[in-house]
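Each of the next two complexes has chain A plus one more chain, namely chain B in the first and chain C in the second.
Take a look at the complex of A and B:
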């Protein structure tokens, strides 16, 4: 009975956190889906998003949720910049080249970040209250973060399916050569896609910073979760990423009810391997 | 093909990150923070000057960064003071001055072993100071012992390293098994019916502290309603806090180090689970802890040293033990002037490591390692940091016997500022404990 209570208490937390995990994974899976690039700079970008919230709120006194707009724009610009500097020249090279290129960006950001910000933990002392729901406490920061993650997902969906640039992205995803023959500027679309993926990573980091302490290395764990979520939800499928994030969040919420928390990664990555063996296209399948 | 590549890469990244978590990379050492200085030329031709090189690693990055840097600051402060005052003069007129050699260990045990080997074999360090944390010290102590080098262990409380037949390690901190003893004594008076949750980081030190206090808790009639470890990199403490709430615990004893301790304190505050008392290891002893805001209020910790309860020469005289070194006030004032930050116990530990080595060289009247080791074995000393005496038995050689800890708690002053005050033992307390902690 106590475990059932604990389960019911922890489940909402897991669900809310899952939306944010999903948002982070969406950035990774979008870039992979459009240009077949595994973005290993995803983790440090998430960490930079965290620091974005820190500087905007702590140093400038701006509400972190308003600050999200700046972080999103900066993330987009940074993504486009990274694309042209590190990815564009190797976009048609073997996959290993783009992998190493983004890994280099990863190391550069971590190196500069460590030098400038150290690896000491930072904390954003921000609170929007909480309320009781049965036996559980729902934290305002997590609830708002989940709502924002859903809004970003909806916005991305509308962008991809209802706008001209979004349709261009989907066209390039399906067949880059054919899209170019139709007059679609594929280089700009690829840069835009990389920018959007980076933006999603930065925004998810900015949201995570409102409830967890962090340092420049903190993005690594979320990058790893993004890989698991990508495989769970289906590679290149943004909605699948959100659902995959939810699954991971729920697992993190319910596993501690039945066993020690140290079992969480064992089960998460066990599931990762099972999905690869049983349904490698992910639960929702890859989306073209 | 595309999917297979993604999956393979994902697996590769997963594997590499797991490897990183377990052992981290073994890159080339960084440039040392400071090169060994050349032997200082004596002004008087009749006297000889020798430079004693002290080797240690510091965690400039990684999970131990905050506390490690403070320990190193404390040590270098001692060294600068001794050198500026002319060094240590031996009876034959030899003037001993000190220098150090250090590398960044990245809070990584594998790297610690590699670097301590380098400090001994390539840099010819005469004596060693431990890295910060029991886990890193355990790794370093193996290398020190293998090479017969005296190592003063500063930020390392775990008992185990001293129970494996080592003869070259000398511990400054109160052993981990006694870390929470003063807190439990206080709880016996405050609330003998308290139900205890022991929730700690799953590392060597924190597990050792938790395991060490269990018999003492049980002997004092406390019920342990939850015992749980968590990974060092845990960020989301929500499920753990829910578990504490579900256990019916009224008092939390646990934590680990700075990063996890701050995250746990914040999660406890946000979820308002109504604990009467929260004690966390290490993190609340840091001057950065109040950055948590109201989440820091009421959180208690054990401290190896606090300025408000600093030890005095009078205390040493009453005990009939030799006094050595500056007063706590002089130490704190000079440190704050040099570093712009009030000293924590990590700083005091680093400073005292140097001070103890200095006294051992004076007592030995030599820098010969065997003579210094003998002086350390015979040492029974009192400094501003407290008592220093090492176990010389075969079973636990080097274990600290004389040093006692205090319990500190973050409370609000009349002006609403957070301040760390001493709440136990009663003879050195500067304030009454806040018990129960007021609801957020």
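Take a look at the complex of A and C:
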């Protein structure tokens, strides 16, 4: 009975968090899908998104949800910049090159961030109230974050399926050579995709910052979660990422009711390796 | 004479490492001994990784898992069961090798980035598991009982002994790397690196070859782990399984030149030397990670074959000496 109570209190939180995790993973999986690059600079970008919320809200006093727009635009620009500096030259090289290139971006951001912002924890004291649902209390910030994550997913879908650049992205994902033959400017599309992936990471970081304390190194944990989610939902499949995020959120809600919280990562990463082995295309990946 | 010539490639790595080992012995300086110990550790780990990364072409992002796991197992027997460091290292090496064998059977089926991701997952899963494993001290880890050092003539004596064991391990790693490179087995691995399907057609039993390469590249890191934690006096989960160390090893191998014997030696030396300089310099110490990042990016973008690979390409005469 006690366990069920615990479950009822932790499950809704887990689900809401799951949407935000899913948003972060969507950035990773979009980049993987389009250009077969695992973006190891994902974590620091999430952390930069967190600091974006901190500076916009604490220093400039602007509502963090409005600030999200700035963060999204900055994330997009930064992603395009990273693409041209670090990724473009190694896009056709073996995987080791692109992994190390994005990791070097990771090192550069973490190094500069540590020097400028230290590694002591920051906290954004932001509150939009809370309400009770049965026996549990749901924090307003988490609910809003989940809603925004869903809105961004919807936006991404409309962009990918209804607009011209979005269709170009899907064409390049399917077959880059054929897309180029059809006159699609593939370099620009790759840069745009990398920018979009980075933007999603920054936005998810900005949302996480509204309810969790953070420092410049916090992104690493969410990057690893994004890997797990990406593989759960199938790398390269944005909707799968949202579902994978939900699964992870639910797991994080359920597991503490039965065993100690410290077992959560054991199960998460164990599941990650098993899925990679059994169904590398992800739970929802149909073809390949 | 002809037989000796094929071993010429081993000469330069051995000379470099011997010179490094002699430096603290001749000067008798304890702090330079510690510096050389760190470099030797990096060389041993990077050369082991090179068997998998350089020869076989599989990118392991979690190679440090063998160092951590072997170290934990060995230290447990040394500290809790009262075994000697020799037996402890043996057990640590065997444990790491067995882990690699079991993992290899499973994850070496994955190719490219999927394999890299799986190795990250395994490292994190192992770290989280050890964190919960009470026998190994859980999140607190294990601290060596000072009486353990008494068998070796006190802590100071044990420290200097560790240095010589480390030197032997480094030589072992280099010779193993060289022998693998020359052997038929190594040729099979290099064929897998170039084109796995073609290698299988030509009769390389790829799953077995890959698994044994993985096992070989895991044993020395396991032994180094035992030795390092023994010397350090304690072990904790986040010290034993640092993901960034795995990546530093990749950087060392890349820097020097993957798939060569000398490459990882020079890469480890250069990387550790540069890091030591950056951390202590007033100007760079706060942003040393960024400077390393910029250097790594430049290498990846412009000299992906590493220093030795680049030299071999540019100066064909050197191909006989640099291997």
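For the reader, a short list of remarks on this structure follows.
Everything that follows uses one rule, which is that the second predicted complex is superposed on the first by the 285 of 288 C-alpha atoms of A that agree within 3 Å, B and C clash if a C-alpha of one lies under 4 Å from a C-alpha of the other, contacts with A are read in each partner's own complex, and residues count from 1 in each chain.
Please note the rule applied: contacts are C-beta pairs under 8 Å (C-beta built on N, C-alpha and C of every residue); 3 or more make two chains touch, one makes a residue touch a chain.
Remember, predicted model here, so these are calculated numbers, not experimental data.
Once the two complexes are overlaid on the shared chain, A:260 sits against chain B and chain C alike. Within the superposed three-chain model, A:17 lies in touch with chain B and out of touch with chain C [touch as defined at top].
Residue contacts after overlaying the shared chain place A:107 against chain C, while chain B stays out of touching range. In the superposed pair of complexes, A:63 makes contact with neither chain B nor chain C. Contacts of A:269 after superposition: both chain B and chain C are touched.
Applying the stated contact rule after C-alpha superposition, one finds that A:174 touches neither chain B nor chain C.
Contacts of A:92 after superposition: neither chain B nor chain C is touched. Residue contacts after overlaying the shared chain place A:280 against chain B and chain C alike. Legend: residue contacts after superposition of the two complexes on their common chain; A:213 is shown touching chain B, with no touch to chain C.
On chain A, the surface touched by chain B in one complex and the surface touched by chain C in the other have residues 32, 36, 38, 95, 99, 114, 220, 224, 227-228, 231, 260, 262, 265, 269, 272, 276, 280 in common. If you check the complex, the residues on chain B that touch chain A are 2-3, 5-7, 9-11, 13-14, 17, 61-63, 65-66, 202, 228-231, 233-236, 238-240, 242-243, 245-246, 258-259, 262-263, 266, 270-272, 288, 291-293, 295. Within the complex, the chain A residues that touch chain C are 32, 36, 38, 85-86, 89-90, 93-97, 99-101, 103-112, 114-115, 220, 224, 227-228, 231, 260, 262-266, 268-270, 272-273, 276-277, 280.
Across the complex, chain B is touched by residues 2, 5-6, 9-10, 13-14, 17, 32, 36, 38, 40, 95, 99, 114, 118-121, 123, 125, 127, 130, 136-137, 139, 211-215, 218, 220-221, 223-224, 227-228, 230-231, 235, 252-253, 255-257, 260-262, 265, 269, 272, 276, 280-281, 286 of chain A. Residue ranges of chain C in contact with chain A, taken from their complex: 53, 57, 59, 61, 106-107, 109-110, 112-114, 116-118, 120-122, 124-125, 127-129, 131-132, 139, 243, 247, 250-251, 254, 286-294, 296-297, 300-301, 304.
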